[in-house]
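Just so it is clear, A, B, C and D label the chains in written order, and each chain counts residues from 1 on its own.
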């Protein structure tokens, strides 16, 4: 196994890892604000691609504008879904909300099939595609976009989280929703904001990868699972952990292809995840929430 | 006869020694109190006594068996029951069902027998239900039997938890700040219940900082301060012990008084 | 409070009622009006929705034409569509419903191999012929007298491709297949005959539906130094593989071969320039000239392609072709039967089909071969300037 | 508790429903309807296990479709390949899945909530890879076909009515056993575990032993249902035991409402029937049927969201309100 091969596998891991990280961020944000695992996060990823293709192919907008419209439209779907379904559940019981998002994911993927048909649809590569060679290994320009978008999103989220009033309010919610409400934070607004951010991040991931893999109404669940696994691997509730979880999961899959076999890459990644959970039940970077009696 | 022997129990959290080599005995049939200002290590000691936490050093012998090596549910079956500072009731169950759950340790119906509804399980269930109602009356919750725990006022919830603990037929009952948040009427009801329980032959250890209740009901008192035992004895001696007063009222006041 | 209590009571009772009113039996037996009823179980929703839609369009188009030309011995043909949602249990239920309640004389379906296999027990017990539109070899390998298959099974397609590869001088072959039924079937068919072609499989990689990147697998293939890559994938992943292959250095010298599952316009759109030079085997429908201009097959195919494109604005793909063949094989057999016939008569007559010219090829069924297609019904293509072009040395 | 008429009401209703369910094959010979209701019966058996695991003991699992699959493959393999009798196949399925339940109980001892959900999801996905790759046992992605009908000695149950009776007979027995279980000491222990683990420990409940038992029972029930499904349908493949099915099973348990069996059973019936709405709504025109089928996923999603929003305590709460409109009895 030469170094260029190893580097090639690492780049593949970085690319997939960035996708999983973006989706995992969406899971972690919603979890932090509501304690809920949003099963519709995979659908936000799908819609990011689908709505961008709709804007580009059907509305005929130029690619950059189409991408913007696609992501904005998905964010809007996130708001509408939160207002019409999540917020209507008055007691905010996390269990019921999770099942509502399961219903939501079915609804969104089925609506996508009705509106955009059953077949996969494509987007052209950003900036004309092409490759860059990195010490012999090849890096697709689109991959640079994917990793770039992830990095910018994480930086933007970090800034929002740590440097803005909204971010402080969201972190307060994450630690203790009741306490946050007492000090006057509109926790319901925080929930909506978390869904909007989750939808935007999921959409960015979908948008960035569609030029390479195309998108279809049913691509949501498979990437959704990977995002959830990454969020758990890193440790729920902590944005940095979600990104670390995503990248580690991406690398795990790549290395298991390289050294073991592509047939079992998913199984191997899951076995490692189960191992991590057994040793650290709260994920790699999660705080151990010991139950105080 | 000494029912419980606490021998040199020490518990450290990082640099802080929450409990420092505490030892004391509890004789059968008495009410023993453990008091001390906030942060004296009372709750930590309590969790060690009930194996909800492991000590770094020392042992807790109950009838010769070291509780610190047993798993919590086996300690209950050995006859040591406990309550919690923030009550851990089963909210959706009625008061009676909560106490019935407490009887888990002393009943035998297994999964298979229950599924097949064997006759002896029905009888066991009926007897346990009667016992539960008796215990509810003992603590004064007779007429609340079918009310869900979630709907009970705070004071009654504490009494319900005591009734549930009694359902495990303990020889030793450990109470973690039972008087916390109670008004005077509720506190005297609690005192009444404690006397009735002791008269049943159950030894009681109560961790508390409500001085009124402690002075009234306890036969002996152990005083903790910053994790160390600074005094032990009957209430009237403890009341006048300068060390105890200093611990409670802080250093400077005492000095200008003398 | 009272209002919601009554409302919830109604909701609950309504649920219990709907769950069991069925026992009143909605089994309206198929009224013996004159129409001949054929059942069609297709995947109109779920992951295989991309196959079910063109199949349904082809059948609807053709049934209209058949009825316009007088149907079968004066009786109209009616096709009843059921969606199996790419789920075996629903395919079974749909088949038993069509046989029991609708009294169909034959079944077309299903779109997927798994669903087709699930239905065969119903077809057999109902004494009804089943014409599957799925390409899995197992459908006709595990022989069942009631089950027929219109697509070219992988056991016919793979040797055809390997023949082309050997003709192009390939000896060391790398395989990359999806982990689903289609991928495994292609892989098995390859492993079964590879020695006969004096070739050797030097890499055997796999991927899952929904994977976003296959550069790992392709890198491993590159280090095995094959002469060519055989890709067995049906979904969107095929385009991703072509693009990853195009971007990896030293890979462009490695030609990529594929099967009928890749004969989709979505592949050309999705892969774009990366599809240039991609070679695959499929029916003649992709480039009608492959039928041989002036032959009956050519007329049949161009007629169908013309009508389909006029009606739906898009050219029919191979799945539409398989559906066309299924409905016409049944109608052709029915026209050879007397006025009154049972479903088992139809099976027997279908089995006697010989030299029937259709879109997928020229069908000849025998008591032991319920597919009847051969390599003659396949053409070899290469993607040139973004579209299929006839290629292949051996032809 | 005085045994007046009102407390007997639930038992009367349950007995009536049981009798009604078991007489359906006499009322209709429609194979399609019987087959659909048989699928409902299979799901009812699994959901009973999910109700115990989730509604009562509060342990979440997103991997139970894997046990459904293990049971189906185990029974199919020993009956088809090793030639064992059908009953031995079902027993093998139950034992293998019980062992699987034991294995899956381990993470539940350390993990809670979403982390336990992920661990069980991981188990389910790993098993799906095993179902696809272990071709000698499972027949690979194309699955295993030609699984014989259930048979005891020379008596074979191959008619839709016989299969219906087999599955619903088993479902009724399972429900009776489960109903007894939940109204007794172990049932209370499960509810205690769900209410507060510390409180349960203080009642002398062995949490480890309880979690293991409840995982083993729910897994064995799913395996039992899998064995029934395999022999009734005759064909199984990995896609029947996917994560999507595990998620739907949890949705049924949650829609049904916690601490109830009737709720989840009703939820399982309704959700299983949605794709087969035409079986129950008599006189449905073809075009109406085709639109329902094309909007089936949408109806599924809307039903789930609708119940969660407008019937807060799940169907169980609705049933309790119906059963005891006046009394405040919970």
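Just so we're on the same page, a residue touches a chain if its C-beta (ideal position, glycine included) is under 8 Å from a C-beta of that chain, and two chains touch if they have at least 3 such contacts.
Remember, it's a predicted structure, so these values are computed and weren't measured experimentally.
Trainee: Both chain C and chain D are touched by which chains?
Mentor: Per touch definition, common to chain C and chain D: A.
Trainee: If you take the mean of the Cα atoms for each chain, which one ends up farthest from chain B?
Mentor: Centroid comparison gives C as the farthest chain from chain B.
Trainee: Hey, which chain is the most central one here, using CA centres?
Mentor: Centre-most chain by C-alpha means: D.
Trainee: Between chain B and chain D, tell me the centre distance in angstrom, where each centre is the average of that chain's C-alpha atoms.
Mentor: 42
Trainee: Quick one: report the Å distance separating chain B from chain C, using the average Cα coordinate of each chain.
Mentor: Distance between chain centres, rounded to whole Å: 72 Å.
Trainee: Between chain A and chain B, what distance separates the C-alpha centroids? Give it in angstrom.
Mentor: Whole-Å distance between the two chain centres: 48.
Trainee: Could you tell me the distance, in whole angstrom, between the mean C-alpha positions of chain A and chain C?
Mentor: Spacing between the chain centres: roughly 35 Å.
Trainee: Chain B: which residues touch two or more other chains?
Mentor: Counting only residues that touch two or more other chains, chain B contributes 52, 84, 88.
Trainee: Show the residues in chain A shared as contacts by 2 or more other chains, in ascending order.
Mentor: Residues 110, 113, 221, 263, 266, 293 of chain A each touch two or more of the other chains.
Trainee: Please set out, as single numbers or ranges, the residues of chain D touching at least two other chains.
Mentor: In chain D, the residues touching two or more other chains are 129, 198, 294, 297.
Trainee: Using the touch definition up top, name the residues of chain C that touch chain D in the complex.
Mentor: Interface residues on the chain C side: 5, 8-9, 11-13, 15-16, 18-28, 44-45, 80-83, 85-90, 92-93, 96-97, 99-101, 113-114, 117-118, 120-121, 136, 138, 142, 179-181, 183-185.
Trainee: What residues of chain D sit close enough to touch chain C in their complex?
Mentor: The contact residues of chain D facing chain C are 17, 20-21, 24, 27-33, 35-37, 39-40, 129, 132, 140-143, 145-146, 160, 233-237, 239-240, 266, 269-270, 273, 275-276, 278-284, 286, 290, 293-294, 296-297, 311, 315, 317-319, 321-322, 325.
Trainee: How about chain D: which of its residues touch chain A in the complex?
Mentor: 107, 110-112, 114-115, 117-119, 121-123, 125-126, 129-130, 133, 197-198, 243-244, 247, 250-251, 254-255, 294-295, 297-298, 300-305, 308-309, 312
Trainee: Can you name the residues of chain D that touch chain B in the complex?
Mentor: Answer in residue numbers: 177-178, 180-181, 184-189, 191-192, 195-196, 198-207, 213, 217, 259, 329-330.
Trainee: Tell me, which parts of chain C touch chain A in their complex?
Mentor: It comes out as residues 45-47, 49-50, 52-53, 179, 205-213, 215-217, 219-220, 223, 235-237, 239-240, 243-244, 247-249, 264, 266, 269-270, 272.
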